[in-house]
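Every chain is named by a letter (A, B, C, D and E) in the order it is written, and numbering of its residues begins at 1.
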Amino acid sequence: MAEPVRSLLLAGVGGQGVVLASMIVAETLLRAGYDVKQSEVHGMAQRGGSVFSHIRFGPAVESPLVPEGTAEVLAAFEWAEALRWLQYVRPGGAVVADVRRVVPPGACSDRRAWLSSYPVIDATVLREREVKAHLIDATALAADLGNVRAANSVVLGALAAYLDVGRDYWESTIADLVPRGTAEVNLAAFRSGAEAPAALIDLPAPETGTGFVPARIEVNESWCKVCDICSRVCPEYCLDLDGDTRLVVVAPDACTGCRLCEMLCPDFAITIHHEGQVPALATTGAGP
Amino acid sequence: MTEARLIQGNQACAEGALAAGCRFFAGYPITPSSEIAEHLARSLPGAGGTFVQMEDEIASLGAVIGASVGGMKAMTATSGPGFSLMQEHIGYAAMAEVPCVVVDVMRGGPSTGLPTSPSQGDVMQARWGTHGGHPAIVLAPASVAEVFELTVRAFNLAERFHTPVTVVFDEVIGHTRESVVLPDHVDIVDRRRPDGPVEGFLPKAAAADDITPLPAFGDGYRYHLTGLVYDERGFPTTDPTQTGALLERLHRKVDAYSPEIEDAETFMTEDADVIVFAYGIVARAAREAVRLAREEGVRAGLFRPVTLWPFPAKALEAAVGAARTVIAAEMNHGQMIHEVERVAASTAEIVPHLRVDGEPISPAELLAKLRERAAAQTGGRG
Amino acid sequence: MTDVRDYLREWAMPHVLCPGCAHGTILRAFLEAVKRLELDPDKLAMVAGIGCSSRLIGYVDFCTLHATHGRAPAFATGLKLARPDMTVAVVTGDGDGLAIGGNHLIHAARRNVDLTVLLLNNSIYGMTGGQAAPTSPAGSVASTAPAGTAEAPFDACKLLEGAGASFVARVMAVDPIMSTNVMVEALSHRGFSFVEVISDCPEYFGRYNALGSGAEMLAWMARKEAGVAAALANKRYVNHVPTASDTSGLATGVFHREERPVFTGLSTQAAR
Amino acid sequence: MSGGDRTEIRLAGAGGQGVVTAGRILAEAAILSGRTSTHSQVFGPQSRGGASRSDVVIADAEIGFPLALDLDVLVVLSEAAYTRYVPELGDAATLVVDERAVPGTGDGRPQTHRFPIVETAHRIVGSPVATGVVALGVLEALTGLVDAAALEKAVGSRVPAHRREANIQALAAGRDLGQAA
Amino acid sequence: MTVDTRVLLSGNEAIAQAAVEAGVQVAAGYPGTPSTEILETLARHGEIDVRWSPNEKVALDVALGASLGGVRTLATMKHVGLNVAADTFMTAAYTGVGAGLVLISADDPGMHSSQNEQDNRFYARLAGVPLLEPSDSLEAKEFTKLAFEISEEFDTPVLVRTTTRISHNRGVVTTEARRVRETLGFSRDPSKYVMIPAYARRRRPVLLERLEELTTYVEESPLTADIAGDSTVGVVTSGIAYRYVREVIPGARVLKLGITHPLPMDRIKSFAAEVDRLFVVEELDPFLEDALRAAGIDVEGKAFFPRAGELSPDAVRKGFAAAGVLEAPAPVPEPPATVVRPPLLCPGCPHTAPFLVLKRIGAVVAGDIGCYTLAALEPLAAMDTCVAMGSSIGMAVGLAASGGTEKPVVATIGDSTFLHGGIPGLIEAVYNEADVTVLILDNGTVAMTGGQEHPGTGVTLQGEDTRPVDLVALCRSVGVDDVRVVDPHDLAATYREIEGAIAHKGPSVVITNRPCVVAPTKVKDHPFTVVAEACTACQLCMTAGCPSIVWTDETFEGRRKVAIDTTTCTGCTLCAQLCPPRAIVLDPEWEAPGRG
């Protein structure tokens, strides 16, 4: 069998520049003499969604898609995306990941438990997979260089360390493809990523389970003037008007006890009962 | 008794207020009343009281009401234009039943008029100046000594009946210095305070004598005070029954006690043919004129209402008796004369003697009038 | 005291104000401040003039003095001077406090009497049926300005700062938390503290000027906040589609604070 | 209308001559002398630089009408005051005029006395402010309405401490003028 | 072969390159993922008349007209776009062409950015036109060039069908020079070009004869390739599936079909005879499989390979494993748990506030195709239907007519979608007096596909200024009395205008008019930040679903406080308008770019 086709996977979040990064990788490989196929998906996935790019290279490439368990390197520009595509990495392969967190709003939607579904940054998850885990704080390194948007180049630098492609190919491609005026910082970022030690970064697990106290909404109908303010403001859409005549608690179980309705009710008609001990109201300043 | 002192009427007013227990004064400068404020500005702090010069007369009486609600005896002093501005708050104090004293040192009017000249043009305003209608207590001293005395009385009446009391005198009384001997001691009346429990306190619950207790703010009784018609809780109401009852009570509260309140001076009226009706400085001239007329054999007398309001009608009626003429002398275009006519027109001829030129009515001109009326009567008899 | 409703004269509720009128929200924010400061209800007096805002004090179980139109600062001055042991708060409206009572307000500020004045600005005369107020924005419609008022409105905070108030702040009814925070500071301030509270009047100002219900007017209020308004004004619209957007803003927060001798009625001469 | 024991004195002059203060001193001196008195004055704009007037009524007992009605004594310290008040003065009244302020009057009134009152005040205190007090000295010497000790005491209690001495001197100087007449 | 001519091109870029090389002179289309970049790339050439049309049908009309006028012409669209153009397409097969006319249909198996995954190969069969299916970028270029030749040789439009994996793959392509042939000019021929029944009846047999000729051509075509291998397993395949087959089972014998309509059935039959087991591996529907079966060929296919979704090497491997041809792949461990990351409206997206308002109002919302379709997802969750380009208004009219809801019925439609297919719907609303409100979400671009110009933007695809459609005047002119314009970043005003429009009896229109924050200009204004001490964790800001707002580990009364990622915040003010304690303020540390 001839020299095998090799696979890389780049992953990140829509808007992070995954497509440009993978074009740089593919172009670099082309310039290095390989046949290359690179595949990504445009459109909706770019709107803050998960974005990935398959890169395959070798003497002659058929499929542009990377089969699971075959990628030599997974380069992730975001922590959760590194986990998402982990099964594509072959045993003994490498995961190069920026420890940056891009938390989607959906990860903050469990307002009963106040638990974020965003995964904890914990390198042991990678170690268990028989992969080389290479976590870097690329965003911080790029920021040190003066442009956080060069973080991708830091990751590419780290990725390059796992490929036997000459540094010249990388740097000429980067210089050609990055936005005008940013070549210098991106090259510096690339070098910084290539030279950064492949250390594991273990970040402390964020606090979870914040002691949610169930809350109950009580409406004093004899005081309520059905003005609609509470139902307009409730973040959980617990309240609604029944026609224009009556205020109804339509989703009592969704109440988080934030008390916006109670505070904004001009008629003192709403009471939020916290079914448990709630920390005292903080006496914060008046703002700026 | 202390020694005689040369004291200005306005100063006597201030000293009377202090003697009566007034510990709060708020006012606005206006001739010819300013010396009252000036004197109290000097003397109140030392007496543990508070003086404040407000931005206008409206605010002055407002502050006075506020202080009174806080439990202090309080007064203001002003003159014609300022008195007009105070009318709204006089009405408020009457409605909300807040004791306070308003001194009006009358000057020539209308409008800015004659600031430094005497007048008696505000006596009807003192009765009817506010809108809506309520009883009024108005005292009219005629001498420096009496300014002191009636100022004390004004406070006592205010505190007794929980109502504003007005003291009116003219520029001459206000500014003239007289040798007077002020008393060492004066009798003082304090407002009625509640003695029941704080819980469930009904500030305007029916009182047998129509005088509801008045706790000071901050003393533990929490209640609402308003210029709107209120119910027994002091809370606004538009209920006709309660509205009627409240306004009836406010009137009854003064009307029923008018014998206690009313005061008048008579001088040689017992056998008088001609009686001069006068108050304030005019009464001083009238008394002189009556004395001189008597020397000439004219059977003259003087009737002087000390309380202009409630008007001492019975005393006037008694004083007029068989007199055939009453000369109503006023430094206005004829105000109290209407009361005189109301009481005495059926038995006596009411002759006005009015002066509005800024000059005080003199004993000489009243003497001349007495002579003239006496001659007319004689002629009539003849 | 666990609930601000305990400060209410519950027998008097519900209050007379219209549906969606945020004055009640402001009262609640004030009561939260009272609660946080643990003020003794026996030693708390609220003084008000005439108007919708002034009606609020009828519903709180403190010593409440419902004064005449515009004169509440004068009543309160007298009360405070007579009862320095009491906390005295004035509730007034834009017409009550800035038109008929403007003189009293600025002089109370100048004297630095230890009062806290809440001026509830709803840009119109509500109680009397929607007449133009000294705070009605130029061009806004009122029953006495059917074609829009031609007058310029007061900036109450600038006015009061100029008058010498030693604490000047503005909050919005839509921000009850910030309102409470600022009211705590105002009540804690020694001297004359002034808090303008932007409120709404859906019944008149909202109706005459097509601003919608109370709920909508609160949203409109939030959008008027200075940072937001400035940011909105900075932006462009889609080419070729014109929008007439109101970009005027209203700053909120504590604008001025100083320590200055508090007027107590005792003359400095006597004090010496 | 000066009947019985009642004496009416008017001091009239220009603002700044201390006319009102002099009137009060005279009234207070009367009380100190065991008599009763009233004092009235013209207020307002007139007190600021224009004509100024101070009336004192002195009697042995209660004073019925407190205002002057028929002057017994008129002291005139300015030409304007002369023009205003002398024409209504009764023939029996005593008239005291300042010889410089009222130049060249020779209407032949009886009971008319001319003194350099203003000039004397200037000489002693360097300003017209003590003119009224000088006039009181003249009056005391001329009429004996109040006794000298009472007048001196009243002056002492009414003027500020630092001017007491000068005013006592002014009073004495006035008295000298009056006695010389 | 020098490095210079070997370039890495996406399938779309390769098709554009083919058009350049083939001498195309007019190209028209409507943006639609995954087809959009073809015309964008072509537009950069400069010498070619490349334009966005209001919709795909118009684009194909333009292309057909240009073809009849004598120049080679390209029309591009996504798969569902061909539904719109189908009317013209069906009859263009009758008229034939002037110069070469190629229609690109970019299909979207797996529905990465589409509302369905229809298999457009059937359109070729339905219309009777030849269908070419490239399998990578190089073929995309070569096949497209060949398509022009076929078009002219057989006097027919040619359908080139790509899929997302072809369109958006980059592969190595060798480029050649552009060759432009002199225009043929327009030859008047009503019997060919005027499809009245009489003439059309005559064209139908022509079409059928052409198909016969094409069948012969296909049998000989180099695009039909027999790839040598072990004949125990034979695979008939096309397009991207061919690549997967080669990847997964490189030893098998493969008949690769470059033209899948008409089919070279003789070649297929002989191929079938030469292998032990015959498989068809194709994405989506059993287009080939059914045809083979109909021809009496015993074939295996969809029994092992999925009919839904994209194929992949893994799926192909699993299919062959299930068929017993390959060993089952070693199980790959499941990925660790991670967060779901659905696409979102961008930070500062002008569509957010209108949907916040619609959710509060509780309207029944007929959505349309565009970024705003994302408002159907949590937390906005304010869209009830979304079917096809321009369908929203008509559907809203229908919902209102049904009486099936007492809630207000609102249609939401983007500016470009409105011009594409919404106007007739609005006319329907006016004509049949529907009490509906139409929100035209005008963000000044075709945002979903990456920021293309359209007839409302005032700029052509080639960057020239042109007269924009006046939306307000347009709506008024069709008879809408209540037309409002509002700034959607002004939440209160937006609420007011939408409520006002809903209250209006009869059709009403609210036009919201902030530009897209991503395209054509990336908006980055002064960002907002959260004053942590003031945040009371009420989560009202979170209801906007802005990706820049996240929870922090700080809590208030047991709830999580929020923070704003100032690097992604565009400063739209929406959250600051929502925040009750005014905890969201302009970031005091931000410095505007270029201000030092």
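Of note:
Just so it is clear, a residue touches a chain if its C-beta (ideal position, glycine included) is under 8 Å from a C-beta of that chain, and two chains touch if they have at least 3 such contacts.
Predicted, not measured: the structure shown is a model, and the values here were computed from it.
Between chain B and chain C, the least number of touching-chain steps is 1.
Hopping across touching chains, the smallest step count from chain A to chain B is 2. With respect to chain C, maximal separation of chain centres occurs for D (centres as means of Cα atoms). Centroid analysis (C-alpha atoms only) places D farthest from chain E.
The most central chain, judged by the distance from its Cα centroid to the centroid of all protein Cα atoms shown, is C.
Interface comparison, A-E versus B-D: the pair with the greater number of contacting C-beta pairs is A-E.
Taking each chain's centre as the mean of its C-alpha atoms, chain B lies 36 Å from chain D.
Chain E has its Cα centroid 94 Å from the Cα centroid of chain B. If you average the Cα atoms of chain D and of chain E, the two centres end up 113 Å apart.
Remark: chain C and chain E have CA centroids separated by 55 Å (rounded to whole angstrom). Within chain E, residues 534, 536, 580-582, 585 each touch two or more of the remaining chains. In chain C, the positions touching at least two other chains are 174, 176-178, 181, 216, 219, 252.
Under the contact rule defined at the top, the touching pairs of chains are A-C, A-E, B-C, B-D, C-E.
By the touch rule above, chain D contacts chain B in their complex via residues 1, 24, 27-28, 30-31, 36-46, 63-67, 69. Within the complex formed with chain A, the residues of chain C that make contact are 3-5, 8, 13-15, 17-25, 28-29, 32, 36, 169, 171, 174, 176-178, 181-182, 184-185, 202, 213-216, 218-219, 252-254.
Contacts from chain A toward chain E in the complex involve residues 5, 13-15, 23, 26-27, 30-31, 35-50, 61-65, 67-69, 80-81, 83-87, 102-109, 111, 114, 116-119, 125, 129, 148, 206-207, 210-213, 231-233, 235-237, 240, 256-260, 263-264, 274, 278-279, 281-282, 284-285, 287-288. On chain B, the positions that touch chain D within their shared complex are 4-6, 31-32, 115-116, 143, 171-172, 175-179, 281, 284-285, 287-288, 291, 360, 362-364.
Residues 3, 6-8, 33-34, 36-37, 112-113, 136-137, 164-165, 168-172, 240, 243-244, 246-248, 250, 312-314, 317, 330, 332-346, 359-360, 362, 371, 374, 378-379, 448-450, 531, 533-534, 536-540, 542-543, 545-547, 549-551, 553, 555-560, 567-568, 580-583, 585, 588 of chain E are the ones touching chain A in the complex.
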